[in-house]
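Scrolling down, you'll hit the structures one after another.
Common to both upcoming complexes is chain A, partnered first by chain B, then by chain C.
Take a look at the complex of A and B:
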């Protein structure tokens, strides 16, 4: 089963803190979005393995845009 | 002999030295702590300049900074130009996406009105009381705009109070927010609002300007520029104007605003016990506004199943985006996967509009 992590807010991707293939647990930080000059860390919604990362650092993301997929 | 008599040095008094201390303290806070440096730095230097005897920088009709002050602030030009820039920087999206959050921006004006009555009750004139109350909105340019019209002698103290409390938002607000909410409430995850189209965002500044100015005409100077700046931004066809309004022009007027506001703080106008009252009343107003926003959100929750996280109510004060950031941070402490930032921007922007309207109402009643 694959679960997409969606951007909870619009902003710029400041930093991606996981890699494809990495095993992560729920509540692990996966990336940081910068909005309104503030860094907002985004946390994994579930346990799993990072299947794919859809964005790269510096990208502008809209709300609800898929950031990465966890399986 | 004439040269020696003309030296300012011989006219230095202890009061002036105390004012130098205040100016230097603001410069220190701006440089080392980065407390609102864009404003407190020029304000601090302005205070120094205004208290150098015989330099006459603030002498009516004559002094350099008096001219900045007279044409920029007394004529009410600079604060609306600041609002032009803020309009160009503001995205009304979060507000339009959940229009009910507008109420929170209004609820957070409660401190403004309560403090107005208290200040009046303890002996300030009605104009002074309005100027002190508006500090509770935590909006610098609006405070300055109103002070220049109603109580120019309090302008320096009120402006410094407003900007200081803006800088201290992350310290003042969280304890109040935690006190008034339960852990469960802080964990409330809000439902996403609806999508806002580009067309709506163009219509909003036009309609908002017309409606608000028709209802509260005295708010027109600030509201007109705020919405014009926003129309530049959302129209998408005048990027050059948007860019100028939110960068170069905003920076230019900020320089003149800061140094002029600082220069209004001469020893004889500032070193009175009024100033201390102003700082306390202003702080009280700001704390009460924070509480007002949170409590109104809780009240709204009693009538709706689509719950509001009451923390975003605290963002109804108009310190943009500091108050929204604080809502995000306090929310994340309760549940780190709760992303309140964009929800909090709605009341935050509504708070700016709310404070401008409050100032307009005071002007209508008192002018």
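Take a look at the complex of A and C:
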């Protein structure tokens, strides 16, 4: 089963803190979005392996846009 | 001993406070890994502050030199006097007028003596024999205020040679000058708060009033207190100048008076009776203070504890990984708070309302405390409800301000002391914010605080900015704020330096552009201003200038909360019976 991690807010991808293939746990930080002058860490909603990262650092993302997939 | 377990079983608030809700999450390895650089920066900041404190402690004569003269240093006296492990220093770096020694020449803090909390202050007798220095009277004002706010005894270790005469113009006179502490001592006595003084050495003039103004005077055999000391008495007839012949006479008189300074024990114990006790040994004076402390009324902690004291559920060292040094990084305030309060348990007040602010009841050492703090992070696209832009924690919006007003008011009614935690970038601004009444709600919070007559403290975790720093229990809450603590990440300023540069230079840039001029010079000025803000808002600056009363290590923060809770409940000026508390019932619904 694959779960997409969606952007909870619009902003810029400031840092991606995981790599494809990395095993992660629920609540692990996967990415940081810079918006409203703050850096907001995005956390994994479940345990799993990072299957795909859909964005790169510096990208502008909209709210609800898929950031990465966990399987 | 009290039958504590039996009493707590009979405690009518047991259902509320013995099993409060657990909150906060365990620190994960991934977070620990990713936050290691931030942790290093926090530790470096703490080491830097600690080094400055050590330098100040070492100022003046060495301990060996003092002991060789037959006297203990102020630090040795404190060490002997205070219950082990209870010293919570304040104002260690306070030096608003930039004295060379790095301090105002008094050492102060909260501590337990004979099992009771007290505010303790002593002159640093290693430096100019404990002279008055610039900034000292302001330091003492903070200390006497602290005693008043917490309603706990003030303990003085008096050993003061009087004013540093070549700088007297900076502190001798004025409304808050060096004479103000004596009125403050009188005020404390008026309020029924005892001031105990252990008196050592020569204390002329101002030093004499430090000696005479407390409630009980306990003197060492070699101590003296006097309206004027040797220096004045031997040269009190100005003749319009000096020459060698006059100096010969002065030398003679000084020798005579030094051998027998005015205000000695034989006068103020045997003649005037000012000294209640005299002691052969220096430690005898301190033993005397301990005995008098035992005679001062104080509730045992048990009286106000609503549950057994408990350590936080998670290690306090986790704080170094949870509070990011980077001011822009979002974090979980709840995770931070869970490391500071008993058992990581709380009762949150209105969790669904005003999400940018945490308000809740927690326990510190088994005693009930109201906690208020800024929550960090994105608040969702529909919040604030009055605006078409999204909200970000750290900023205050309508609901958060209303919630804090409510919570503070209920705490006032229930007599629950408050700990504020700030990490705030300010209050929301703009037309919509004005229509949402934020200006009025902010001032309403100030009114609510003023109404409570509760002791409060503030911890500036990271940012204390704009009017939000005033509203959220800051030092500006002068009659309530007992003390303010900072961390290695603290930054206090009206706004961020870059924001200030924009505010100050944007119009000038427009004019320059219109005139066809270069913008480089303005950009340079903006960069200089931003850098200046950084220098003038960092933890060291905040501590030196009294914007905080102490910078504390994150791992030691809870110790200060314990001291505050213990002191606030030691002799409260009013009480709400626990079965009549309304706030827990409101939370329960």
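Everything that follows uses one rule, which is that the second predicted complex is superposed on the first by the 71 of 71 C-alpha atoms of A that agree within 3 Å, B and C clash if a C-alpha of one lies under 4 Å from a C-alpha of the other, contacts with A are read in each partner's own complex, and residues count from 1 in each chain.
The rule we apply is simple: a residue touches a chain if its C-beta (ideal position, glycine included) is under 8 Å from a C-beta of that chain, and two chains touch if they have at least 3 such contacts.
Just so we're clear, the structure is a prediction, and the values are computed from it rather than from any experiment.
In the three-chain model built by superposing on chain A, chain B clashes with chain C. In the superposed pair of complexes, A:57 makes contact with neither chain B nor chain C.
By the touch criterion stated above, A:47 is placed in contact with neither chain B nor chain C. Using the contact criterion defined above for the overlaid structures, shared-chain residue A:24 touches chain C, although it does not reach chain B. In the superposition on chain A, A:71 makes contact with neither chain B nor chain C.
Once the two complexes are laid over each other on the shared chain, residue contacts for A:39 go to chain C alone; chain B is not touched. Within the superposed arrangement, the part of chain C that overlaps chain B, taken from 255-263, 489-497 or 543-551, is 489-497.
In the three-chain superposition model, chain A touches both chain B and chain C at residues 8-9, 27, 35-38, 40-41, 63. For chain A in complex with chain B, the touching residues are 8-10, 27, 35-38, 40-43, 45, 63-64. Of all residues in chain C, only 25, 28, 30-31, 34, 326, 328-330, 376-378, 381, 390, 392, 394, 425 touch chain A in the complex they form.
Residues 8-9, 17, 24-25, 27-29, 32, 34-41, 63 of chain A are the ones that touch chain C when the two sit in their complex.
Interface residues of chain B, counted against chain A in their complex, comprise 192, 321, 324-325, 328, 336-337, 339, 341-342, 345.
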